Amino acid sequence: MRREELLEILRGIRKGRVGVEEAAARIALEPVTDLGFANLDQHRELRKDLPEVVYCEGKPPGTLGSIARSLAERSTGNILLTRASEEAYREVKECFPDAEYLPLARIIVLRREERPKVGKVVVVTGGTADIPVAEEAATVAEISGNRVERLFDVGVAGIHRLLSRTEVFEGAKVVVVVAGMEGALASIVGGLVSCPVIAVPTSVGYGASFGGLSALLTMLNSCAPGVAVVNIDNGFGAGYLAHLINQASAGSGRP
Amino acid sequence: MRREELLEILRGIRKGRVGVEEAAARIALEPVTDLGFANLDQHRELRKDLPEVVYCEGKPPGTLGSIARSLAERSTGNILLTRASEEAYREVKECFPDAEYLPLARIIVLRREERPKVGKVVVVTGGTADIPVAEEAATVAEISGNRVERLFDVGVAGIHRLLSRTEVFEGAKVVVVVAGMEGALASIVGGLVSCPVIAVPTSVGYGASFGGLSALLTMLNSCAPGVAVVNIDNGFGAGYLAHLINQASAGSGRP
Amino acid sequence: MRREELLEILRGIRKGRVGVEEAAARIALEPVTDLGFANLDQHRELRKDLPEVVYCEGKPPGTLGSIARSLAERSTGNILLTRASEEAYREVKECFPDAEYLPLARIIVLRREERPKVGKVVVVTGGTADIPVAEEAATVAEISGNRVERLFDVGVAGIHRLLSRTEVFEGAKVVVVVAGMEGALASIVGGLVSCPVIAVPTSVGYGASFGGLSALLTMLNSCAPGVAVVNIDNGFGAGYLAHLINQASAGSGRP
Amino acid sequence: MRREELLEILRGIRKGRVGVEEAAARIALEPVTDLGFANLDQHRELRKDLPEVVYCEGKPPGTLGSIARSLAERSTGNILLTRASEEAYREVKECFPDAEYLPLARIIVLRREERPKVGKVVVVTGGTADIPVAEEAATVAEISGNRVERLFDVGVAGIHRLLSRTEVFEGAKVVVVVAGMEGALASIVGGLVSCPVIAVPTSVGYGASFGGLSALLTMLNSCAPGVAVVNIDNGFGAGYLAHLINQASAGSGRP
Amino acid sequence: MRREELLEILRGIRKGRVGVEEAAARIALEPVTDLGFANLDQHRELRKDLPEVVYCEGKPPGTLGSIARSLAERSTGNILLTRASEEAYREVKECFPDAEYLPLARIIVLRREERPKVGKVVVVTGGTADIPVAEEAATVAEISGNRVERLFDVGVAGIHRLLSRTEVFEGAKVVVVVAGMEGALASIVGGLVSCPVIAVPTSVGYGASFGGLSALLTMLNSCAPGVAVVNIDNGFGAGYLAHLINQASAGSGRP
Amino acid sequence: MRREELLEILRGIRKGRVGVEEAAARIALEPVTDLGFANLDQHRELRKDLPEVVYCEGKPPGTLGSIARSLAERSTGNILLTRASEEAYREVKECFPDAEYLPLARIIVLRREERPKVGKVVVVTGGTADIPVAEEAATVAEISGNRVERLFDVGVAGIHRLLSRTEVFEGAKVVVVVAGMEGALASIVGGLVSCPVIAVPTSVGYGASFGGLSALLTMLNSCAPGVAVVNIDNGFGAGYLAHLINQASAGSGRP
Amino acid sequence: MRREELLEILRGIRKGRVGVEEAAARIALEPVTDLGFANLDQHRELRKDLPEVVYCEGKPPGTLGSIARSLAERSTGNILLTRASEEAYREVKECFPDAEYLPLARIIVLRREERPKVGKVVVVTGGTADIPVAEEAATVAEISGNRVERLFDVGVAGIHRLLSRTEVFEGAKVVVVVAGMEGALASIVGGLVSCPVIAVPTSVGYGASFGGLSALLTMLNSCAPGVAVVNIDNGFGAGYLAHLINQASAGSGRP
Amino acid sequence: MRREELLEILRGIRKGRVGVEEAAARIALEPVTDLGFANLDQHRELRKDLPEVVYCEGKPPGTLGSIARSLAERSTGNILLTRASEEAYREVKECFPDAEYLPLARIIVLRREERPKVGKVVVVTGGTADIPVAEEAATVAEISGNRVERLFDVGVAGIHRLLSRTEVFEGAKVVVVVAGMEGALASIVGGLVSCPVIAVPTSVGYGASFGGLSALLTMLNSCAPGVAVVNIDNGFGAGYLAHLINQASAGSGRP
């Protein structure tokens, strides 16, 4: 409930159009947040910009179609289904024949608006095995309206591959670094750039990588300032956060 | 070395003003990065904006004064000494009688320029014991030229304390959430705001908090998107990252 | 052996109806607990109220039917088989054609008595993926004779969902909070209500959730007092404990 | 803001006593919780029954007196200062000369009301080294108005010590089990009684007890149903929860 | 090589019966252990008493038959194949048609001698799910010539089941306690008996049992003296060690 | 209560010497264990052989004297105080001027009987830093009446030191292996001897020894059968268990 | 770009042969590494000696053939595909009919040059289950041109097996020790030889071996100097490092 | 005992110069290894080259002097005392007035021979706080006769510092990388050089560095081949291993 609506009700009372009991009921029925969080509404409007997102893993078979349909009804923006298998895609496609599937990113897109791409997000990976997580991040950012550049397979064991490509970082508003095994790439990129770096540890590796724990600890202990970390394999979270940072940088400059 | 400088040297050769050997030496003497990383120089200029920082813990007694003096010589900006004890302060004060000490933030400041405060960074803590880490973050951000608002002791056990103060988040470009024990505050703030949230787990707690591990895991697993995590007790890192994000948002809008 | 029985035997000796050796043998043969634990018998009678419970996982195929039959013989109450697969159900159904299967709760019920539902237990989940564990808890409580209300998918990332529904907690004698990922919901509910809160971490999540460890630590470190924790995914344990607390609250008021 | 107050404001508008803008402002100014959480107020009233509590550890020297004084001003109930050292006591005693110190429980009490002791809480420890944590739990419960019985040093290595004393559990509404090292006592008590059991792992032990982790895991994995766990060494939490459960059992029976 | 043999060779040189080169070769050819470990030979003779043992898990299919055959050639005692699946049994049965399979213990026995059963080993389990590990221990002990009594499913949640059966421990030379989940049974048995207790944690459990870690830590931290622990699920190791202890107790008394 | 006593009471009833109520009271008053655990009494008699033991660490200053005195009153055997500092010794010495202090083993002995040393226990250490734990084990065993041989500082990095001394294992009934760092010594000794091996991991080491965890895991995973493990630094537990095994081996041979 | 090349360009400017812009472009276009890393080129030449290596696990089906083909085009040396399944082999064989498969080492070799075998690398395993990892190490070393001797199944439980074979270490330039379970073998070999020892923990084991963690910690804590550790199951890494060390020892002596 | 010596003794018997008993005694007195490990003797001779080493930490005060003296008697080489405090130095200086103390490396040297420095070992650190561990490694290598170059404080956050100094790696036979926090430096150096890299994680860091665990895992998971890891803070072990590798490379080339 916006302030305007509240005033409207109150004016209605004054004018006798609204009964006191009815007004109390309407005020009470509104979710708390709609009264007290007027300021947050603006936030939520920002969010409406964002694609709606469904995390497919663990959803019982046969339910994805109807979940997507209900989302499509309450929003006019793009809809993303992340961690989606081929089977999930077949299921969704029955309801939405024009659904797209990005197998590398494991994302299904119901594309319903095309946003202009602004700013610059760079997504970097240490190895080729980190690419699915990186593509998840890159796709989320792109569909949310950010220009994304990819720089894959530039891990620290061949640091010159990274160093000979540093021009890609020029003008970047935020860099997403996706790496498994020892995860050292985040520190190096953090030392090269001066925009925020979002580090995504991946569960790529074996032995004492302990399912991504090694890369996670490395990234948390990064001695390069300006680096923050999201959960292991959380490409979506990184892409979303990159979107927030990039939009703020890009958007605030609008005349 | 900028492209202009390089061209200048080359033109000097052509014109006979510069000898070939001398030119080679000048090119070779430049650090590698100055040739290949022209783009990064702009970054470094941004960085020069930043205060120089010394991490005091573990530095042998008697060395802080000279470290600070050498920093003061090569830079004209503010100088911060973090994790500084009272003793560290006495040591630095001998060399810099106007050094300030912020005991809560455990920071010594050699203030040599005053920056205008722009944008808005909100620093939130769960409890009172998290305040030293929060003050470290807030101080780093403030001295770097960011407007900071503090909202302390609004932990989740009394969620209404937080909810009755949500107007503080209005207009925030970035929120830093500092919390120990179960660290749940980051998720809640992440669900309330739509700007980036930097979560700082603290080692506050006992028993199964395991020196901050509990809060760290909570924050990494946050189901609110837009949250990224820095190392346990890493107030400096959070303040620095908040500065990067806030400046980009605020600065890009300059006419 | 109750005190009365013991006295009876002793009187029999006095009266010559019972030989000394026979009396010693009868006293010695009684299990220890029957002498020393008279007070516990009343407890066990309380327990007889409870459904008999079989944990199905890991039981060899083909044995569930006979286990259930033997339980049905020694008790007249309801019988629950938890962590039951569809296959387990088919197996049990052959012996008990009227066995019910609650697939969400993964529980098979052999319903043989209907208890009045008293008091009020609220079962809350953070996400939809936590529902199976929550349903296990809710079902155990319901079948044991407790009124249960469910409030699912009110995780902390959208805290207003929870806050707009707080009336559900009115009159609750105990709240069961089921949450995976960061598990912060327990702290928030603990801060909202003043009855006991039983927190159930779930293994829902990925990456650094480490199979429920993250949620478990969060809940143990809850800064809201009045929260206690059961094992990861232990819906049964939470439902049982909720029953004990709710019955005590509800029952002690009987005239 | 209670429903009555809201109605009052609305009636004021109707009657022209209150302006629309003023009403909107008054509604908006009220903390969210006072509108939406009417039901919670009753909870908070229950809580006011409870002693106010200060966790002393980590509080800077010289602050405890003023903290206690400010608590004493806003509440008329008892005030507890937990984890209090002798020094903390001396500090508090200067402001409150009649402050009591319970060195075993490490609690300072500002006793300002005497509550009748109702119900029955049993506090059990495995060893003598667990007694400080147990006394913290027992003291919190006693001062909150619960009858407490102690059964200390009945660890499982001499199980007969426990078994010969089982009559202490008769009539208990809740049992608090405090144990370090292997923490097995919680399972055993859980198997003996049918009321809720609150298990408190302690950091007592050495080697692979890993600061209480061993006891914590044991208690979480208890195969006795009806057992829930609080944080390592968290005597206060256990005492508080025991109070909630015992009061509900005892209180609901009042005519 | 015993001292006598060495002297014999040396005397042979002196007497010219043995050439210097030949003597050097004989001394050098003797495995190191045969010179320095004369005392160990007697040990190895003791060991020959024991069944030969093959750990089947991880052995490539098709190799078990030949491994068993080669063992059968170099030894006349019983041969055990532990952790054996039904398939392993079929494979072995082709070579040894009279091989027995004990599916509960997952052991294949090639029985070639029958030993008298001496002494008394008691094998106890907490639950029914621990029985496979317990049967592995019991079978190893029985086939090695020890009298074994089983006491299964006497876990601590129903401590009276154990206490009413304590006569089984009379005369025991060693007790093997097999338990998963919280593993508390080892401490209780350790407090009841005065012979050595071998504790075997099992991976039975879920959630925070962490694959047996919980039971392992519990058992290591047992406050009952006289308890030692083997690896998680290591029934064989426990049975073997029980054999060593029981034989020593039983055997040393022979006239 | 022994069977004889029970019969006596029952006969008293028959003869009228004892009233029925009085008999019931006397039977009920006896601790449970005295009725049901007749068989365990013999065990406890065995135990009376053992020294009484006090674990000094964590005991408040000024209490050791009275604890020792109370033990001395209820037992005539030797009394050991383990983990005793020099200060603890001074405290005890005031009450017991003839108390001995073994600083290496950190044990205070109140020697009140001299037992013949039987059998053979070998105590081995990997390094010199493991000696305090080893001496604790050795002292406990010696004072309990076992012949102990020490073989210190024979760690695996210089395996020949161990191999050149293997004659020390001849005739050993049990070997205690005390080692920190990598703890490999237990496996090697386990491969050399055929009597039971008790492995004691120590917290000696640095870095990734993690307070004894490394040695603990090594010992649990020993591929040598016949090895069981006690808690980190638990010299007392190892010495006690060695006593049980050695006495059984030695004692059962008595004519 | 070597200094000579840089000078050449500069001279070209002076002489008017090269335009300033063109020179700047050529200098800027050179990858950073070609200017600053002249010294590393020699390293890379050394590396060209090595086989090219592909880690097969996790590569999507159908891609191995083309990866191998592209490697074969840019290099004339041997090509190894590690962690290769039978299916991977079938895939590669279609492109390279003469590809060899070493199933024990799980390596596919495209052999295109035969190197002389120099020096001496010894590869030792604790058990037979460690052989695949050991064969991976041995094969990598052999194909890279090192003489390899294998000594398998000499684990510490039967230390005499190792000790009777110590002549195999004579002349070794480096020893690779591959062991799971308790991993103690590395310490023992480290104590026997004076050349570098590379320890490879394997995930062989069960229970508290925790997927190789136990062996890893053991090896890191080895009290034998001269031992360094690679990742769990990292046979390739050990073989490669052994190659580096052995070649340096062997090669530096060439006239 | 070498074969020659053995033959000499045997010939002595034949010739009557040596009695049989005396010969047996001499053969038996020789440590086992001297007979069976002839090949190892050469190793030990190599080792005699090495300084004798004492690990000071944990040695009781007052014993270092006599330990050093006994070492000085049995060896003529240099003697190192590692992890030595100033106090340790004072203690040793009383016995050896010319003892040197290297406070950064925490090493006391009793220098008794000067070895020529051969080959090239590079020791690199990430930060200044890693220098003590690096100096320990460098000092051990230098005193053992290796040429050492230091490159300190070139951590990955400022990767250009490292890259502008790569010429230091030219000709290196082995590189020791010492780094705490995220430990990424080892991977980068491993990607730059082609000689073996010994990685030493340090306990430098805070928060989630967990006492060096983070750096340790990073280094173990290095995706650069040719990297092996020693224990946390184990500068001595790294220096010793570097010595072995460097000497082999350097020494084998001697004419």
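Per-chain residue numbering starts at 1, and chain names A, B, C, D, E, F, G and H are given in the order in which the chains are listed.
The definition used in the following text is that a residue touches a chain if its C-beta (ideal position, glycine included) is under 8 Å from a C-beta of that chain, and two chains touch if they have at least 3 such contacts.
None of the values given here were measured: they were computed from a predicted structure.
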Suppose you list every residue number at the chain D-chain F interface; are over half of them used by both chains (same) or under half (different)?
different
Inter-chain centre distance, chain A versus chain B - centres from mean C-alpha coordinates, in Å:
24
CA centroids of chain C and chain E: separation to the nearest Å works out as 40
Whole-Å distance, chain F centre to chain G centre, using C-alpha means?
50
Among chain E residues, those touching two or more other chains are 32, 36-37, 163-164, 192, 207-209, 213, 216, 220-222, 225, 231-232
Touching pairs of chains, which are they?
A-B, A-C, A-D, A-G, A-H, B-C, B-D, B-G, B-H, C-D, C-E, C-F, D-E, D-F, E-F, E-G, E-H, F-G, F-H, G-H
Residues of chain F touching chain G in the complex:
126-127, 155-159, 163, 181-184, 187-188, 190-192, 205, 207-210, 213-215, 217-225
Please name which positions on chain G make contact with chain A in the complex.
31-33, 37, 57-58, 201, 203, 212-213, 216, 231-234
Interface with chain C, chain E side, in the complex: residues 129, 160, 163-164, 204, 206-209
Help me check something: in the complex, which residues belonging to chain F touch chain C?
3, 6-7, 10-11, 13-14, 16, 20-21, 23-24, 27-28, 32, 35-37
Contact footprint of chain F on chain E as seen in their complex:
32, 36-37, 39-40, 42-44, 46-47, 163-164, 166-167, 169-170, 173, 192-196, 198, 216, 220-222, 225-232, 236-237, 240-241, 244-245, 248-254
